[in-house]
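So that you can tell them apart, the chains are marked A, B, C and D in the order they are listed, and the count of residues begins at 1 in each.
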Amino acid sequence: MCRWLAYTGEPLQPSTLILDAQQSLVKQSLNSQLGAETVNGDGFGLGWYPANEAAGGIPALFHSTEPAWNDENLRELAHAIESPLFFSHVRAAAGPPIQQTNCHPFRYQNWMFMHNGFLGDFLTMKRDLVLAVDPSLYPDIKGTTDSEVVFHLALTYGLMDDPIEAMRQAVRKVESVGHGLGVRFPMQGTIAISDGATIWTFRYSSQGRSRSLFHSVEIDTLREMYPEVERLNLFGRRARVVVSEPLNDLPGAFLEVPESTVAILHESGYQYEPFLEAA
Amino acid sequence: MCRWLAYTGEPLQPSTLILDAQQSLVKQSLNSQLGAETVNGDGFGLGWYPANEAAGGIPALFHSTEPAWNDENLRELAHAIESPLFFSHVRAAAGPPIQQTNCHPFRYQNWMFMHNGFLGDFLTMKRDLVLAVDPSLYPDIKGTTDSEVVFHLALTYGLMDDPIEAMRQAVRKVESVGHGLGVRFPMQGTIAISDGATIWTFRYSSQGRSRSLFHSVEIDTLREMYPEVERLNLFGRRARVVVSEPLNDLPGAFLEVPESTVAILHESGYQYEPFLEAA
Amino acid sequence: MCRWLAYTGEPLQPSTLILDAQQSLVKQSLNSQLGAETVNGDGFGLGWYPANEAAGGIPALFHSTEPAWNDENLRELAHAIESPLFFSHVRAAAGPPIQQTNCHPFRYQNWMFMHNGFLGDFLTMKRDLVLAVDPSLYPDIKGTTDSEVVFHLALTYGLMDDPIEAMRQAVRKVESVGHGLGVRFPMQGTIAISDGATIWTFRYSSQGRSRSLFHSVEIDTLREMYPEVERLNLFGRRARVVVSEPLNDLPGAFLEVPESTVAILHESGYQYEPFLEAA
Amino acid sequence: MCRWLAYTGEPLQPSTLILDAQQSLVKQSLNSQLGAETVNGDGFGLGWYPANEAAGGIPALFHSTEPAWNDENLRELAHAIESPLFFSHVRAAAGPPIQQTNCHPFRYQNWMFMHNGFLGDFLTMKRDLVLAVDPSLYPDIKGTTDSEVVFHLALTYGLMDDPIEAMRQAVRKVESVGHGLGVRFPMQGTIAISDGATIWTFRYSSQGRSRSLFHSVEIDTLREMYPEVERLNLFGRRARVVVSEPLNDLPGAFLEVPESTVAILHESGYQYEPFLEAA
């Protein structure tokens, strides 16, 4: 129901990927090629770990309910800042209203979270899922999306200690609550999580037919493949991006993340881990 | 934390009271005389029972996050419609974010609800109160205000059958949950409720020092008192209004609703009932 | 660059056409079939002559910068009112910013105006066109669109006395200014104008390849053609609509307005007049 | 009709002045002490020269139509960035609508401009003033404020070569046009202009009773005066601010800029020049 992008590497202007790329995230907002919806115009978000040390490792958020494609503030901001790790998200609402508190990414302390997809029959499951959130975390839920509830379930299950295992438990909880209430496919989507150093991205759905997800190949490889593409010089050697659909049509530039898999971006490269078997 | 106004009587353009009156609700939004805050600029709402029969007795809502004082759409709408019963509310947010789903009035079927005031230490009480809402009503909570939770508590306790008793139970629940969690004064405020025919207005606070509330005197009486005031000819004989602070400075035009009291507006006039003793 | 709809006939809830029709205007906003753009998500407007006599024949306007497809206020309003003559417009911005003052329809006294299309190289022509607007009308230009300038040119040339001749002069002025500045195709689009009783709709472009425009056939004819379509009973016998693209796929329900033509909707039916030969 | 603040010095988080100061700009938006209006809730703006060299000396702008006091994006941004020179402005609209294109500061290439005050009877003067703008600059006028017209007049008269003399000519033009049209006091206000290195601030009104304007004293002096005020350690030795009203109540911390004066902030300190005699 959305499209998203996560970048890590040398400090970069977000505009390079979300505005200027051939099939940039903002172009995906108006005309997605691989998304469940063509138009993702129900608000957007940008979350970035500032270079600014005064920020203390806490990511900054910019949320807007406007479509991304004509938003002047996004244009300004995406050029004015540089960040070594940022998330960006364009939304196609699947029920919860269009308001800033429903815009991704969400934040908890130094952690960010965003999601493309949905919980099946969320209003049926919502109360039980919210009850499973740790009472001390409950007041931190600011909006009304299924995604933010999943984030708080994962926090409840220890996201800050072991993000992959916490996400497994969160998804299993969604599926057990859903199946108990007669929801056939409770979980759908791709998710990105970061603590400011590592990015964990998940591709999973109860149905085994998950939303699309890709990651870039190593920039050195890409430069060898396409020595004539000058645009590649904009990126440092550690630049890596995970994104809902490829940012350009260069064959081989983006690889699909397999189903039921976690793709982890470290400073040293990508790494896959199996996530869960589809329910 | 807010100001509100409820009208019943002959069909009237809402602009008469919310824009054109000497101390209209929109003027109260920019410069309240009796409010806890001077400025009530965090959005507004207008809810009205349309003359239009096609609407089937369901009130229509217009919610905006803009300050009321310069909102063009409010100006247009408040002149273009006429309604025999409408609510209007200007908000000064006390925590929950500025978004349309947090704007009053709230609606459930043919019922409307609005509130000026707050629940003490709401984030502490929120989870317990939300759990007390009937699970079948839970998915209907669209925003994140304390006010909407009180509305759904009252719906849980039978608002549609006996609004006064249901509100008593809702307030007692707020107070018992609050006192259990160490909140000294859990409930504060004035509340208006309607089913499209009658308006019930409540003035109550746990502290016994409630937000201000007034109602107009009978229009015939007022015309006798002020035969020279031409503006009074705008109103029919059944025109009655309850409002957070008087809409003009005509002595005797508005009477204060006593503490811990329900003021009921029927077609035939006002009626008081005791509500609750302050906790 | 936009899609629009103009209705006249028995008082009707605008929702019938802009929300509920098979290919309603709001569906056209998200997925236009015949438009120059697929997405028309850069705000919308609704202008209606209220049944309310207190409004004095002045149309009311509701303008929003949000996409129409998820706007709650539009849903509420379009159900709550009934009007014998209304305009609605969804915008795909072609340069001028997304702001309420750039939303159609525009209003001058009891007149409304809306436009789908654009002036070629508008920023080049703008100063000369604005200078041609009567100085007494100049302060009434509230936004920054090409469309509003065309409206004020037509007002300058006597729109309120002879709308067709005034529009001819306005378009000729646009073309003479444009050609003088090297703009090949200065005028493009379809335009609707009303005084509250008659609707004039224009289809014209300098290039002779104008944006699409259709009008409904007489409702009696339609009921004979499709006796089994219950939805047709929602409409009175005088119901007529002009719209950028057909509101349903019933063959024969909508007829294309020819190029360079004015289609006039009276209470008694449609009438065509030639407009201008393409420049 | 507004309040503004201009900072130059060591790179600083704008939040230090616009959010955290005792009488910060955001506090002035809700409750101005010295302003012509108490409430400045009709949008705001932040313009900053990014540390980011990729920005090429062009300031970035963030404009919002929301009141500043509850805007989450402003809070995020004002903490996340650091800038050696920034402008911030809170607006109380005096006619022109609430839209992002009417939010200050305005920008032209590497120049920023903001204004507190108004042009007397602007709609009467507007056409003549706009005609005096160089036709090549005319298309750059994006909004509908008097302030942006003054900026473009000054650009027409050579702002980028000699800002003080260009502003003199712009104000004289406003006054001659105004007097020709019977406007008694055409010009009112305080203005800030920067090229990214120097800030020029102007205090002037035709009436000789101009909006308030203050500048900070040297930080070394302030630290000697108030060695116990720890907050002063947040600032570098070159930190200087010009602001509509003092940011705190420390006696001697802020000095009033005299009437009809230009206060210039260099890296080396303040400097005054006479501007114009009141007309």
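What we mean here is this: a residue touches a chain if its C-beta (ideal position, glycine included) is under 8 Å from a C-beta of that chain, and two chains touch if they have at least 3 such contacts.
For each chain, UniProt lists the protein as follows: A, B, C, D = Class II glutamine amidotransferase.
Remember, predicted model here, so these are calculated numbers, not experimental data.
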Field: Chain-contact steps, minimal, separating chain C from chain A
entry: 1
Message: I'd like the angle of the rotation relating chain C and chain D after CA superposition, in degrees, nearest 5.
response: 180
- prompt: At what distance in angstrom does the C-alpha mean of chain D lie from that of chain B?
  reply: 40
- request: Note the residues in chain B that touch 2 or more other chains, in rising order.
  value: 72, 97, 100
Task: Enumerate the contact residues on chain D facing chain C in the complex.
output: 97, 99-101, 123-124, 126-127, 130-131, 135, 138-139, 142-144
- prompt: Can you list the chain B residues touching chain D in their complex?
  reply: 30-31, 38-39, 41-42, 65-67, 69-70, 72, 93, 97-98
Statement: Listed in rising order, chain B residues that touch chain C in their complex are 13, 48, 50, 52, 54-55, 60-64, 72-73, 76-77, 79-82, 100
